[in-house]
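Shared between the two complexes below is subunit A, which pairs with subunit B and subunit C, respectively.
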Partner chain A sequence: MSKLQAEPAGRLEPFSPLGVVRRALRSREGLMVLSILVVLAAWEAYGRSHPLFTSYPTEILAAAPRIFLPSLVPALGSTLTGYSVGLLLAIPAAIAIGVAMGRNRLVDLILGPYVNALYVTPRIALIPLLVLWFGLDFRLRVAIVFLSAVFPIIVNTYAGMKEVDQALLDVGRVFTANRSQRLRTIVLPGSLPYIFTGLRLGVARALGGVIVAEMTASISGIGRLLGNYGRFFKVGELFVTIITIGILGLVLTMGLAFIQRRFAPWTAAARAR
Partner chain B sequence: MRIIAFVAVIALWEYSAGPMNRALFAPPSEVLAAANRQFITERTIWAPIRDSVFVLFVGLGGGLLLGIPLGLVMGRSKRIHFVLDPYVTFLYVIPSVAFVPLLILWLGFNQPFQIALVFESALFPIMINAAAGAQNVEPDLIDGGRSFRASQWQIMRTIVVPASLPFIFAGIRIAFSAAWVGVVVAQMTGALAGLGGMILRAAATFRTADMLVPILVIMAIGVTIHALTTWLHHRLTPWHRPEGNVGA
Partner chain C sequence: MLRIENLGKAFGSKGQFVLEGFDLTVARGEFVTLIGPSGCGKTTALRIAAGLLEANTGQVFVDDKPSMGPSRDKAIVFQHFNLFPWRSALENVAYGLEIQGMGRNQRREIAVDHLRLVGLDTHLGHYPWQMSGGQQQRVGIARALAISPKLLLMDEPFGALDALTRERLQGELQRICLERNLTVLFVTHSIDEAIYLSDRIVVMGVRPGRIIAEFRIDLPKPRADYNFRAREEYGAVRGEIWALLEKQLQRAEAIAS
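Right after this comes the complex of A and B.
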């Protein structure tokens, strides 16, 4: 936009690097690209003089293909298998419990305190116990993912049930919709924005949970990989793994946002960050 | 009703733990005995509690001190937003656990590492919420300030900060919980310290009752933090009802 702003004549040098920088400073993409370039360059310069602790972008780039097939892919595979099974178990269970708590006062009274307490407890603390119960493999991952994801989804589903517009419910009643019809057509769509908030939280926490579990219990998977690279000062490889986890997190967040826009478009506007 | 349910849960727990191997599970009576030992007779749990809470407050305090102003400035200035946004967004989606090995390499296993991890866990939620708050300030208010020739600093202090308070408190609430998770993670993955370390040490020797005591203490502190920050949030910005959790 602001490229069109008048500049003092004589300073307008289209091909000088300074002019390019000056113009970049005015646009959104320009600023982002410039910011990333500056940081990468500074990192490269600093990293080359302290390679043991910080690595540097070109080394990280070189490490990526080296570890991609032999280490990263199998580790991601075992992490993601447990992760997806855990989520597939947690999501329906959590929504069902949240709905039950929202609809039924007795269930709410009985489960409420435990759900709330466990919701705010760092689930990491339970890992040693889970190791005792489930061993060191697939079942441990499923358990920690389940525990990490289930409570945010319950709590937010419950909050959504409580926030449903009373006027809409009244209209439903006037048209003699029965309980299950009201639940299906009014309450659930109405609480979807909250359910999606819960899903976003749950998915993120579960990713953190499974990585800690793999790191502390030292089983296979991406968390173990992180721990090993750290232990052996393979900083380049370590950064590749961290960035991979970041991309995974981005994909999950964006995927969820896509699903929300696609299947529940009426909720997306209110929740856009 | 709640009391009946609670008693039923405890009874069920006691009953079902009876025949199980002690290494796998401990009944409430033994947990209570372990708690009595750790809290009163041997007093072994107080130092770890102090350790953990100290790390929590130093890390969280640092995160808030840096995160709130940075977030507000990000929310106010488009340029700064564009410069910082790629990092903030990317770092925010990485679970802070992923930084553990790197931070251990840089800072060692001890307290500096623990504080850094807690700082990192608290920084991004508070920053993102403060930025959202500053972005959502009623433009009319800012125009009003401008037309009275308020300086940028005056606008920031008298308009943007008060108007963003609800978001900032929501951010503090999330950052507080995230920081507590950070404390436990740091103390379980670095040198075994504080409450997190106690859990792992007890687990390594299969003293399950001893392990459950710090777990319950961690839970209790988590619940207290949540209740306290929710109460403060209601209290200090009563016009804004905390709902959902804007990205914890």
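Right after this comes the complex of A and C.
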């Protein structure tokens, strides 16, 4: 390394594969690209020799346009419709319930046992029951998304309400803020970091929940797609679907992080410290 | 202006009094400091005066009216600033006025005035985490003064700051007190800070927490304008207060061991 750095800058080196590798190793980005290329090449080589159970990059690339419009987009459409409706119902309900439990001892005592029991109940255990109640369509998706997302958000909102800095509540009191003013100006903003933690958990669990429900109940959607491709050994298509779900998860997480930076910048700053 | 009568406070089930028979008056425009070793009840007394703690015995009066809870007449500056991290400097200073129901434009104007008073009108949009400790406490002072309290309570407000920042803020506080003729009840561990700022110093003892001596400080103000520490009176008062506090510290240690 030290010998390479000592070379005069801008001198044209004769092209050699080893030289390219050496130069790539010197920068973070170069190292990342190199790592990806090596893994892809090894995967390609291995995949071509075991075509039944694995796929390989070129096949996945070929499968993507084949299934994108006819299968992937409609499946994503039905999954995401149920997913969004479920979340839109779950998020406000969960925050309201969490706040009510944090504020009121009676509500806490009445709802606490159910919330805590359902929070740890695996959602897969609920699917057969939900199928009986809601059938095999849109309503099942909404139900499973709602039940997956609502409890982590309730539990974290509640924790946030309980963990509000007593010193800041004192500030509210000396400036003669009444109970509802303290809730609005101190308790709720103080709980936001916890609420965001709940949202991150809830959004991820709900995505998992809806896919598992679609797979086990074999209704339409992206989960069913996964199940079918698996049954028919369509490994390339399977990978395209998995990667799509991964990208979806990434987009959701980044979207939440963006909202948090935009509307609760102090929580990001507090984390950085 | 402020009158405290026979204040007593016990914590816990054992009922050890941390404060007993505490009487104090602060005249309008007067700067009074409570000083004493840890556990002498000075912060407890201040918190009761602010209405953050309930007393077991005694009464607090502001302008001869009972004032046991928080009120618009009283504001407090905390040792650890206690700014709202989700509010900018401006929004922090406007907080008390917002709670009182003042309109947005009017409270903004008053908040800007008070940030200017503490030399931070260039930092209106800064959040607490973007400011130094000294700047945060300037915001804390502006927030307390923005509601125009009759009485300013300060609980070791410079205790968490480095020595140089501390000296600067002491000077600023004295300037503001003189400009606005503030009535202040101040708590500190520092004899020098007490002498620099106060018209009167109340020395407190431990077990139970009570007042053991009072000193009137007649050094002319503003004291930042001259080398007040070189004055004969300064050394004499400092020596006397230190002797008292040393005795109380030994007492506290003897009881603890």
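We adopt the following convention: the second predicted complex is superposed on the first by the 253 of 273 C-alpha atoms of A that agree within 3 Å, B and C clash if a C-alpha of one lies under 4 Å from a C-alpha of the other, contacts with A are read in each partner's own complex, and residues count from 1 in each chain.
In this text, contacts are C-beta pairs under 8 Å (C-beta built on N, C-alpha and C of every residue); 3 or more make two chains touch, one makes a residue touch a chain.
What you are looking at is a predicted structure, and each value in this text was computed from that prediction instead of being measured.
Q: Answer with clash or fit: subunit B and subunit C placed together on subunit A by superposition.
A: The answer is fit.
Q: Please work out whether A:173 is in contact with subunit B alone, subunit C alone, both, or neither, and reply first, second, both or neither.
A: second
Q: Touching A:69, do we find subunit B (first), subunit C (second), both, or neither?
A: neither
Q: Could you tell me the angle at the CA centre of subunit A between the CA centres of subunit B and subunit C, given to the nearest 10 degrees?
A: 90
Q: What is the contact status of A:264 with respect to subunit B (first) and subunit C (second): first, second, both, or neither?
A: The second partner, subunit C, only.
Q: Touching A:32 in the superposition: subunit B (first), subunit C (second), both, neither?
A: first
Q: Have a look at where A:185 lands relative to subunit B and subunit C in the superposition and call it first, second, both or neither.
A: second
Q: Once the two complexes are aligned on chain A, which partner has more residues of subunit A within touching range, subunit B or subunit C?
A: B
Q: In the superposed model, how near does subunit B get to subunit C, counting Cα atoms only, in Å?
A: So the smallest C-alpha gap separating subunit B from subunit C comes to 20 Å.
Q: Hey, what residues of subunit A end up touching subunit B and subunit C alike?
A: On subunit A, the residues that contact subunit B in one structure and subunit C in the other are 273.
Q: In the complex, go through subunit A and note every residue touching subunit C.
A: Subunit A reaches subunit C through residues 167-168, 170-177, 181, 185-186, 189-190, 192, 264-266, 269-270, 273.
Q: Considering only the defined contacts, which subunit C positions touch subunit A in the complex?
A: Those residues of subunit C that touch subunit A are 50-52, 70-72, 74-76, 78, 80, 82, 84-86, 95-96, 98-100, 127-129, 147.
Q: Quick one: which bits of subunit B touch subunit A in the complex? Just the residue numbers, please.
A: 1-2, 5-6, 9, 23-24, 78-79, 82-87, 90-91, 93-102, 104-106, 128, 132, 177, 180-181, 183-185, 188-189, 195-196, 199-200, 202-203, 206, 208, 211-212, 214-215, 218-219, 222-223, 225-226, 243-248
Q: Help me check something: in the complex, which residues belonging to subunit A touch subunit B?
A: Subunit A residues touching subunit B: 25, 28, 31-32, 34-36, 39, 53, 106, 109-110, 112-114, 116-118, 120-122, 124-129, 131-133, 152, 156, 159, 163, 194, 197, 200-201, 204, 207-208, 211-212, 215-216, 223, 226-227, 229-231, 233, 235, 238-239, 241-242, 245-246, 249-250, 253, 273.
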